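Right, I'll just put the structure down here and ask away after.
Labels run A, B, C and D following the written order; every chain starts at residue 1.
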Amino acid sequence: MDLEFEKPIKEIENKITELKELSIKSKVNFTSEITELEKRCQKQIEEIYSNLTSWQILQIARHPKRPVLQDYIPLIFNNFIELHGDRVYGDDRALIGGFATLDHQKLMLIGHNKGKTVEENVERNFGMAKPEGYRKALRLMKIAEKFNIPIVTFIDTQGAYPGLEAEKRGQAEAIASNLTEMAQIEVPIITLVTGEGGSGGAIGIGVGDVILMLSFSIYSVISPEGCASILWRDAKFAPDAAEALQITAPALLKLKVINEIVKEPIGSAHRNYGETALNIKKCLIKYLQILKSQPVKKLLRRRFELYAQMGNIKSKQGL
Amino acid sequence: MAWFKKTETENRISGELKLDIWTRCPSCESHIYKEEWHNNLNVCPKCNYHDRISCIQRLNLLVDKNTYVELNPDITPIDILHFKDGKGNYKDKIKETIRKTNLNESVITGYGQMNGKKVAIAIMDFRFLGGSLGSGTGQKIFMAANYAVEHHLPYIVISASGGARMQEGMLSLMQMAKTCAGIAQLKKKNLPYISILTDPTSGGVSASYAMIGDVNMAEPGALIAFAGRRVIEQTIKQKLPDNFQTAEYLREHGFIDMIINRKDMKKRICEILEFYQR
Amino acid sequence: MDLEFEKPIKEIENKITELKELSIKSKVNFTSEITELEKRCQKQIEEIYSNLTSWQILQIARHPKRPVLQDYIPLIFNNFIELHGDRVYGDDRALIGGFATLDHQKLMLIGHNKGKTVEENVERNFGMAKPEGYRKALRLMKIAEKFNIPIVTFIDTQGAYPGLEAEKRGQAEAIASNLTEMAQIEVPIITLVTGEGGSGGAIGIGVGDVILMLSFSIYSVISPEGCASILWRDAKFAPDAAEALQITAPALLKLKVINEIVKEPIGSAHRNYGETALNIKKCLIKYLQILKSQPVKKLLRRRFELYAQMGNIKSKQGL
Amino acid sequence: MAWFKKTETENRISGELKLDIWTRCPSCESHIYKEEWHNNLNVCPKCNYHDRISCIQRLNLLVDKNTYVELNPDITPIDILHFKDGKGNYKDKIKETIRKTNLNESVITGYGQMNGKKVAIAIMDFRFLGGSLGSGTGQKIFMAANYAVEHHLPYIVISASGGARMQEGMLSLMQMAKTCAGIAQLKKKNLPYISILTDPTSGGVSASYAMIGDVNMAEPGALIAFAGRRVIEQTIKQKLPDNFQTAEYLREHGFIDMIINRKDMKKRICEILEFYQR
């Protein structure tokens, strides 16, 4: 998939490829021309990526080449030991978790996993979890609490799966229970939106002490398409809805919905998995350090206050 | 605060109530005297269809006369995002809704007595922006939970909501976590929390405070859903069962403790609270 | 269903009926003869019921006219408020529960319900609960703990339902979780076997501070039929197995598996629902009184010790 | 107590091992040198079939050499019911089983080190009356749990059992509650409890301590069941899926965290225990 707004970049990249091929065929040296083009390309990327609309950022967040959890795990963590099952109904492949080590810090890692190939997408249900996924997540958080290790969650989902079976088995109950329990879990919780943070399906593993977003991830109460078809009565207006909903990391930082933006490399995560992973790693280490030193009572009080301040509208006399 | 009086608006909750003296039941289509309909608490005397009622009617129904004290009555929605959609500004919509409904938010919260027993209570009203969960809604439900915790009271929440309030973006979504954090405090202190799910209770409200009652009660036939019926049909490309996402369906599948007629609701809540022995 | 060993009783009862009919038809007074027969009948019942084999008692425990939970509720409790659902998958009609009042004492009542008619039997799955039944039971116990009211459980099941769906949804997990949680529930638990106490399905709601049995109920690790077909290699030997397994209330009282026998009227519960219910009521009131006065710590320690002493085999040197 | 030595009995755990030098894999029917089979921990080198092993082999596999101390080694079954069946007396069966297996009960319990980390451990042995849960079994598992609680140790239980022990009647059933009460203490004190389910783990054992691990591990292909396959088939009058009640089936349905090859078991347990930070 090529993104529309990346066309100028793609054009230069194509030229570079042509020149390189020509160079080999014709045995003429185009090194300086290629270097020049590469500079231009880099500049073009920088320019484009510093002036993206919310809708364009959403396209990046959904980009099929964007790293997913299975890409991040080996780049960020050691010794991932996956734990399976909700001990009630099933094992959801769309929402996985297990023990992991981050720079000698033991923790519980939980996250949506979309997969990359078509087969993986199907197996992982495109990262759209069912109640058993949320219940597994909660079970693992309880293990983390018992083992006294922090929890890190990676959010990357269009939303909780909207299917008959999921409704029947209590999608709403599963998410609601997680929100309630996560408010009280007695270990630090750090949550990071890596791709698309889709409403209830995202926040279902997204209650934490620290909420982070990658530069080109989005977090939204509803998909812009869904919002447009309700409020504009036409899904075509999704780009307008995306803008109006303020779903980008900078907008949400300003609204104090998130604590920090984890920087992506120039041209976004899918151009450099390694650097993205490294930035995530550094940021997680920083916050784990801060949170680990806090006594449980203080941790829980601060978590409570974090949510208390969100949309904290004061009662005013004489309206 | 004085006891609530019936307002004009209550007489036109449902679009069906346009005729002068008669109204037609949306379910069985019987013609009923408006007065009878109203006296019967907007419940069809023929088929037991439970039509929506205003938060004021609900309050009069549940809370003992002259005992109710409202908390944070002046909280109104704030247009933090300066949200505009195809039809206009959210700001204007707020103003208009407040004027039309005579309410300041999609929920009223406070404390009062039920058969002499003090409780904290929150009652949603679907007329106010579809009962959507805005920051003000969340804040009020959260503050009433805090009040219950401080004063060791049971907390009763009556939901009626289409879900999150899009026009407030992520701040609306975060109200799910905020309200649940409030109710988590009740759970921690072993205080009873009773959730009443009325038509409709869906989206972000069903997936937060509405679903986590020690006891979940619903009104007959109420729509209770996470995802919308249409979205599901598009996703799975299958017809859905007729009673899908009704209170009855949810009871059958383990999520609702009991379905109670509107007229019996107060009695049943009080009976349950009597079992609380702390 | 007429029980084989009740034939002599039935015969006298038939004669009484005949005489009464004849008396009406012929207008001759047989009062003294009838009284005589009634006395004989009563004596016959007493005789038979004081010399029953384990196998015969099992037949009484399974008698279709034996009172079931739905019979006991109005006779023993006031104001039963049923609570539905496990908040995970479903609402099991074979294992029900809810708030109930016993002589002004608030409590949580949980029990198997077989039903009486064929339709009820089917709806109630003959009292054989599925995982959702056990999970509902646990949820209600947690409510009882929060509300600080004691728990009373009525056991009457052939066993947990042995079906594909039940296995798939974790029958073993559900029962195991109940055993573990019930050991720690911080309110008194009284458990009464009213009919058949069938192995895992019985103990799944049967961990308590006090374990009671009705005179003609049974409680067994395996059905005598099952035991016979394994150990005797023929289900025909079920009566032998029943004897060998020591499944009757007196045997289990002697083994200290139960605390007390709740007396049934002469001729067993199905001959007098009211008296049976009254005896149960009195016994429950007695134990509720005793348990209510105990501080939580002591209650839990004693519950722990109750199970610690069951099959408490000491290590012996020099075997 | 001295480190366990291999006993004669270990060489004839499986009925298949009757040939002199060769054995045949019960799964793929390959012919394998007995020595190879044994060196490979009774796992088929061709198809990874995990055959049953004795508790002694398991102990040698899991616990560091010369660190194991047995608890309650002398507990034997007691025939409290004076149980007789069609084939004879339970009492005689106990004696014969003890003689044949060189074990005193269907479980050995104790404490020792795993890669230097102290743990309490219980290992069942299917050869001893089908690994059935007798009073002695329950008592030993319960006492080892108490030991773990007293000494703040993780507790590892390796199950291999056909279920309750009928010959001990209700006292056997009560061991389900007793063992779970023991493990509830570990949970209350936030001590790790790891359950390893090996072939077979069924009936009263699967429905008690085997299923409630913080982490439930299973060996490949292990039968894990509550009700027996035949009973279910008779009840529902339907064919059951091929992989029904296998470790793989249970993982798919949410009850098993991971399936681990026998040779990797010790390493994996140790890795998990390293995550325990109290």
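Note that in this section contacts are C-beta pairs under 8 Å (C-beta built on N, C-alpha and C of every residue); 3 or more make two chains touch, one makes a residue touch a chain.
Bear in mind that the values here come from a model prediction, so they are computed numbers and not experimental data.
Chemist: According to the touch definition, list the chains common to the neighbour sets of subunit C and subunit D.
Modeler: A
Chemist: For subunit A and subunit C, what's the span in angstrom between their mean Cα positions?
Modeler: 54
Chemist: Counting only Cα atoms for the centres, state how far subunit B is from subunit D in Å.
Modeler: 53
Chemist: Using the average of all C-alpha atoms in each chain as its centre, how far is it in Å between subunit B and subunit C?
Modeler: 42
Chemist: Taking each chain's centre as its mean C-alpha position, how far apart are subunit A and subunit B in Å?
Modeler: 33
Chemist: Provide the list of subunit D residues touching at least two other chains, using ranges where the numbers run on.
Modeler: Residues 187, 253-255 of subunit D each touch two or more of the other chains.
Chemist: Residue numbers in subunit C touching 2 or more other chains?
Modeler: In subunit C, the residues touching two or more other chains are 87-89, 169-170, 173, 177.
Chemist: All pairs of touching chains?
Modeler: Those chain pairs satisfying the definition are A-B, A-C, A-D, B-C, C-D.
Chemist: Could you list, by residue number, the parts of subunit C that touch subunit D in their complex?
Modeler: Answer in residue numbers: 160-164, 166-173, 175-177, 179-184, 199-200, 203-204, 206-207, 219-222, 226-227, 230-234, 237, 240-241, 244-247, 252, 255, 257, 303-304, 307-308, 310-319.
Chemist: Of all residues in subunit D, which touch subunit A in the complex?
Modeler: Residues in contact with subunit A: 187, 190, 192, 214-215, 251-258, 268, 271-272, 274-278.
Chemist: If we count contacts the way the header does, which residues on subunit B are in touch with subunit A in the complex?
Modeler: 72-78, 80-81, 83-87, 104, 134-136, 138-139, 142, 164-178, 180-181, 183-185, 187-188, 203-204, 206-212, 224-228, 231-232, 235-236, 238, 240, 244-245, 253-255
Chemist: Under the stated contact criterion, what part of subunit C meets subunit B in this complex?
Modeler: Spelled out, the residues of subunit C in touch with subunit B are 79, 81-91, 99, 106, 132, 136, 143, 146-149.
Chemist: Touching subunit A in the complex: which residues of subunit C?
Modeler: Touching subunit A: residues 87-89, 131, 135, 169-170, 173, 177 of subunit C.
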